[in-house]
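We call the chains A, B, C, D, E and F, going by the order they appear; numbering starts again at 1 in every chain.
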Amino acid sequence: MRRNVETFIGCDADYKEAAFVLFGAPFDSTTSYRPGARFGPSAMRHESFGLETYSPYQDKDLCDISVFDSGDIELCFGEPALALRKIEKRAERILQDGKFPFLFGGEHLVTLGAVRAVHKKYPDLCIIHFDAHADLRDDYLGARLSHACVMRRCHELLGDGKIHQFCIRSGDRAEFAFAKEHTCLHPFDFSGLKETAERIAKAGTPVYITVDLDCLDPSVFPGTGTPEAGGVTFLQLLAAIREVCKLNVVGADVNELAPSLDHSGVSTATACKVVREFLLALDKTERR
Amino acid sequence: MRRNVETFIGCDADYKEAAFVLFGAPFDSTTSYRPGARFGPSAMRHESFGLETYSPYQDKDLCDISVFDSGDIELCFGEPALALRKIEKRAERILQDGKFPFLFGGEHLVTLGAVRAVHKKYPDLCIIHFDAHADLRDDYLGARLSHACVMRRCHELLGDGKIHQFCIRSGDRAEFAFAKEHTCLHPFDFSGLKETAERIAKAGTPVYITVDLDCLDPSVFPGTGTPEAGGVTFLQLLAAIREVCKLNVVGADVNELAPSLDHSGVSTATACKVVREFLLALDKTERR
Amino acid sequence: MRRNVETFIGCDADYKEAAFVLFGAPFDSTTSYRPGARFGPSAMRHESFGLETYSPYQDKDLCDISVFDSGDIELCFGEPALALRKIEKRAERILQDGKFPFLFGGEHLVTLGAVRAVHKKYPDLCIIHFDAHADLRDDYLGARLSHACVMRRCHELLGDGKIHQFCIRSGDRAEFAFAKEHTCLHPFDFSGLKETAERIAKAGTPVYITVDLDCLDPSVFPGTGTPEAGGVTFLQLLAAIREVCKLNVVGADVNELAPSLDHSGVSTATACKVVREFLLALDKTERR
Amino acid sequence: MRRNVETFIGCDADYKEAAFVLFGAPFDSTTSYRPGARFGPSAMRHESFGLETYSPYQDKDLCDISVFDSGDIELCFGEPALALRKIEKRAERILQDGKFPFLFGGEHLVTLGAVRAVHKKYPDLCIIHFDAHADLRDDYLGARLSHACVMRRCHELLGDGKIHQFCIRSGDRAEFAFAKEHTCLHPFDFSGLKETAERIAKAGTPVYITVDLDCLDPSVFPGTGTPEAGGVTFLQLLAAIREVCKLNVVGADVNELAPSLDHSGVSTATACKVVREFLLALDKTERR
Amino acid sequence: MRRNVETFIGCDADYKEAAFVLFGAPFDSTTSYRPGARFGPSAMRHESFGLETYSPYQDKDLCDISVFDSGDIELCFGEPALALRKIEKRAERILQDGKFPFLFGGEHLVTLGAVRAVHKKYPDLCIIHFDAHADLRDDYLGARLSHACVMRRCHELLGDGKIHQFCIRSGDRAEFAFAKEHTCLHPFDFSGLKETAERIAKAGTPVYITVDLDCLDPSVFPGTGTPEAGGVTFLQLLAAIREVCKLNVVGADVNELAPSLDHSGVSTATACKVVREFLLALDKTERR
Amino acid sequence: MRRNVETFIGCDADYKEAAFVLFGAPFDSTTSYRPGARFGPSAMRHESFGLETYSPYQDKDLCDISVFDSGDIELCFGEPALALRKIEKRAERILQDGKFPFLFGGEHLVTLGAVRAVHKKYPDLCIIHFDAHADLRDDYLGARLSHACVMRRCHELLGDGKIHQFCIRSGDRAEFAFAKEHTCLHPFDFSGLKETAERIAKAGTPVYITVDLDCLDPSVFPGTGTPEAGGVTFLQLLAAIREVCKLNVVGADVNELAPSLDHSGVSTATACKVVREFLLALDKTERR
């Protein structure tokens, strides 16, 4: 008799043969407004069973690609530095084994753990960042390890001109000013994405993609800690993901689903579909 | 003193003079993911009192057309075959009396009951089907009477080329393959609807319209068992309904509202407005 | 030690130097369908702390303009006439002190209190009205002071051709007929807004702007008593507000948020952002 | 074919032969804290279908007694005086026809309408009042027709010593002082109920019973506008109802269910069961 | 790297050495009122991580006993007969391997599958049944395989005097009459439990325990399809479970948690604790 | 015109003359299961307006005692050490000014900040602790500053025999073992409270009272992160609070309300009433 296993739907490959490895970081201790993103990874796994594995958008099926779901890391609430080290370590192990790390957040801070690991392997890494928020504060009420600062911390690692931000529609004046100097911030939507992708493609730079699901309009995705009206549609996000997955992507994450903030379950269902489309799009890239 | 009567707003005609007859099928036993559609018909009736009877979209009023609301059929949970027979019988009676059967689901399987009755009267019937899901499985975990199979069962009745599907964005690979051979599946939205309608109009074929409300984007309609991101807008649905109501429509249904999944009540309010616009559009057809 | 103060975010000016004065009217006794708008003002204040004061849309910051939040008026439920007198009095006081009255409803009836005060000071006042509902009934089940009648009562004050209505998509036949004779009703969306604004600008007429947030599509704003599918988007509303704020605006309100109808909190967050953008847009006007 | 009828379960008698007549007053305009009681009557009717008609507590069945459900009165929000007149009129008609008026609130103010009618017929009427709140204010923020004043208004009709209050655990100091002089207030629970009932039985005084369901502990009945911890249990309430139904009861009501405040549906289900037990207990009285 | 495993907390034994085997039956197709019990088993597993494995009530720890969690059976909605066969088969396998089958429902009908298997092995089996409902109908709207009929079907297997029912407070008149003839029904609470247990202990009869969690008062356990006010407390249920676990128990189940009906999560947390206490109490029995 | 002030109801004294000072610690970063307690303090303040200031239990009124509400401290999420320092500082300031610090949590860890300050002033301090959880872990997944460790940290400050724990019904085996050696743990309910109070009274020891509201049964108080069935009733808690308030109490807190976990609002209303009764009971003590 088989022990109860719960993986993201269709992600049942053996670890050895898997090209992609899912791992969850159920952490939200630094969330500034409404917590709950800690429940994102398990909700995505759990509710993925309402989803088809087949995508009519890409005419591909999760069952045809090899993904291993390694479950959630046990993280210590209230200790962000410790949590980040554990995330980094898991990502490192996946990279060492020659596989693609795909992280389920959690709050956006968890990205920093994965980026540290990926950056060690790929020092010329750049980041493509879809988000409603700039996340470029130097500190938030004194904390430098906060979800409001995650891109600032990434910038310290990667340097100027390496972070390409899209859909940004919230931040304080200083963040937008910082972005002007140090990142490539595209406000509101995906304007400029194609050009950015073409330039990165030409350079062949390795890319980490981080998707804060609150880039989506709250009508589509209300289940998130800090919803910001005026976001992009689901189909726009899918198109953008397919666009950037053509690049040399070496790591990725999807974060900031706080499932209990949306009792209708639509946010979780939508997050699941984003993950399916993301994995399928990545696979296309990888096979080339 | 009058006994407490609760009909869909403005649907107060006497049975004898009514052109349209509403009937509800509060059934959801085969729902594969999240049940609750059994409460759809009563919720629509109940909440319709927040709705105006007048439509500024069509400059028409429910009070001016003659609709009779015959209430819900008492259905046995867990016995789909029995439930379908009861639905078929009610629809048959309505058709025999020369009236238009308008069914409130319930899960989508209930459509099969109505289609059986309508098909008996109109053997050359075709179906126009708005839905997020193809509903073309041969069985679902062994059950052939499942909401995931309803269009497959209809296809067995009507034959190839008789089912025109729109907005479909979910299904397994086999369903899409089946559709290629046997139905006219238009993925994602209403592309091709006008051409389809023109062809049917020319042929004069009698039409049954089945609207699974999950064709709508979940932002607009979260209150449904299996929400699928990437759907059509409310105004697109209204336009499509008005388009197909110009045809020789002989039966119709609206289904898959699961009201308790949307505490805001927006899904139910939206379903009510779809029904109002649908009835008003049908009436235009009928009067010609 | 400071007593606990809770103002709308960034609205911390001293009364004397403030250009704008916020005041709340937590009233919803005449709501015809689902009450709860009484909790709108305090919810907006409370949840505004999840909002940035800086707007990337206008490149302006609430911290740079001077707004005083005078809190909610204590209103007597079940006595609309009394409530309106109290609202009128507060607005009058603000106007006498040479400041701009900005009202948080409550149900839409509260607008009448503010309009009475503003109209006394500006007898040639016109109203720009964004709403899903015409609000032009003469009475609602016998009550003439009802949120369904508020624009009719305003019309009695201001006369023909002075009320410019946009986004209207609900009402009975008689209201639309009344509008044809007496107001300037633009159904469904903001079509005609630019022309209207140009005409008013030319005449230099003082303007009161009343925003019933249910003009927004329910996907964006489900937390309201009578949601009406088919509304405008958040970005369309922002653009319209910026357009009309170029005029000689002398009073304004935002109303019909019923926060408990939307557990996701998105409606309240959206209302807060509308208020931020509205205040910032007004300030531009005022400074000229 | 039968029009859709929705009555409280098992209350299907013809008006002529009915001993009891249900009528609903969907009104909550004067609710001081959280509105929503307007939806109480229809929710009770609607959800009563989850209830058995048979009571194992009393070994009696709703199907064996003759109850007619006359539906809800159409009431004007924001006009309490008008609403009360309509309620009074309906109660009067029922009394004239020799039947027992059983009112579903709505907020507690609606009791005043029924009491006025019953008092006209039975000038020596006394009231038995189960409630968490004393409801003895002379006015509430200026309104004398408020749910917080309803027993004060009843006192003006009936005079001293005629109102027997139980379970009271909330009120201001003045209300408790007033009670000491003018009513028989039993705080917290049903202490003293038996003695009260015996005294009334001896005198043979006609009794009106008003049950504000918030007398129940909020654990049992969270779905009410102003929940007050420390209330009685369901079984205590049933026992108390059976006790007082032995008296010469000539009218009754059950009020202050606000169904949307309790998404679990437990409050509505509990209210339905209270109504069933109340009607069955009344019937026993009547048959003697 | 380990695949994501999700078992009930502390139930991590190897199958071979396990004394108890958990299995879930996520089925609710015959639920007569509000569905959702299908999500019970996964919710219990998922939320069990908020629970300690140690019980201060029994001074025992789940970590010290050997339980294997075999996960949920994949069941076909709308086909109760098929579902029951699959449940029976799993229970049979567990019994054949000399282990104790512990079933998580699902609706109460699932008990029939387990009882069939257990009865085959223990022909003199008796049932101890904790429930708000008698579940003794012969059919429900025509269906004989319904959660409202499950004890009637069990009676057909086991015969008269073999079913001991406690806490029953809902049913139609016929069910209570049937109980008088054929089962041992103890209404309302656990009165008579001790005597029953003593008698069974003396006889040494093998016992199947089925706990419909709606025996609990809805204040304690609102998350169930048909809540019935007037139930027992959590501590009363624990005491009763410990009492009956002293007997020769050979199979057990816990059912009718519908987690989405209780957004507070209290019902699921309570169900988890009942399971922990149940397993710990059973273990005591087994070790003797 | 007055700036918008929002204090706990009836707590409007000037700071100088206030005997009690309320302060809130909106922090929940170390919550191990479900976060949300950060919103407790503002919810209590906000919803206190549904509460009477008068207590019929104690025949006293909040308006008659002098309480100042100093609002919430701005705390940094994800940095527990920093947060505790800020809480300690505020408590110190209040104590220096000769006033009574009354803290609204937040998660239970915040107690440590207040206890540090109070302990500095009263080195022989003892703690009376009402809670479902022992909170005696040495660390939680590596974190020593966690709500699961707060009493262990307090023990390090105060030493053996100084912490009197009541209602404890959850913890791991090691915590209960630790308690046996180092604290006075009374499991499940208030057994032993009277004796404890008498002993402390005799010794005249200064007392800090910390009330984790999850000591209440979840039926009464579902809105908390880790609900534990089997708790005490509201009236039992009131009686216990009145009992211990007769002692020499020098500081107090109420914590672990997570308002968004209970949409009915009952948990918040109950917390408000606990605070009212607590303040009134403390005042009695103080005046003697």
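What we mean here is this: a contact is a pair of C-beta atoms (placed from the backbone, for glycine too) under 8 Å apart; a residue touches a chain by one contact, two chains touch by 3 or more.
Everything quoted here is computed from the prediction, not taken from an experiment.
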{"item": "Shortest path length from subunit B to subunit C (each step joins two touching chains)", "value": "1"}
{"item": "Both-way neighbours, i.e. chains that touch subunit F and touch subunit D", "value": "C, E"}
{"item": "Subunit B and subunit E, separation of their C-alpha mean positions in angstrom", "value": "39"}
{"item": "Rounded Å distance, subunit C centre to subunit E centre (Cα mean)", "value": "56"}
{"item": "Touching two or more other chains - residue numbers and ranges from subunit A", "value": "34, 217, 219-220, 263"}
{"item": "Arrangement of touching chains [line / ring / star / complete / other]", "value": "other"}
{"item": "Contact pairs between chains, per stated definition", "value": "A-B, A-C, A-E, A-F, B-C, B-D, B-E, C-D, C-F, D-E, D-F, E-F"}
{"item": "Complex interface listing, subunit A residues touching subunit E", "value": "1-7, 15, 21, 42, 45-46, 68-72, 93-94, 263"}
{"item": "Subunit E to subunit F touching residues, read off their complex", "value": "49-50, 52-54, 56-57, 61, 217, 219-220, 234-235, 238, 263-266, 269-270, 273"}
{"item": "Subunit C partner contacts - residues on subunit D that touch it in the complex", "value": "28-32, 34-36, 38, 74-80, 82, 109, 140-143, 145-146, 260"}
{"item": "Subunit C partner contacts - residues on subunit A that touch it in the complex", "value": "33-34, 168-173, 176, 187-188, 217-220, 222-223, 226-230, 261-263"}
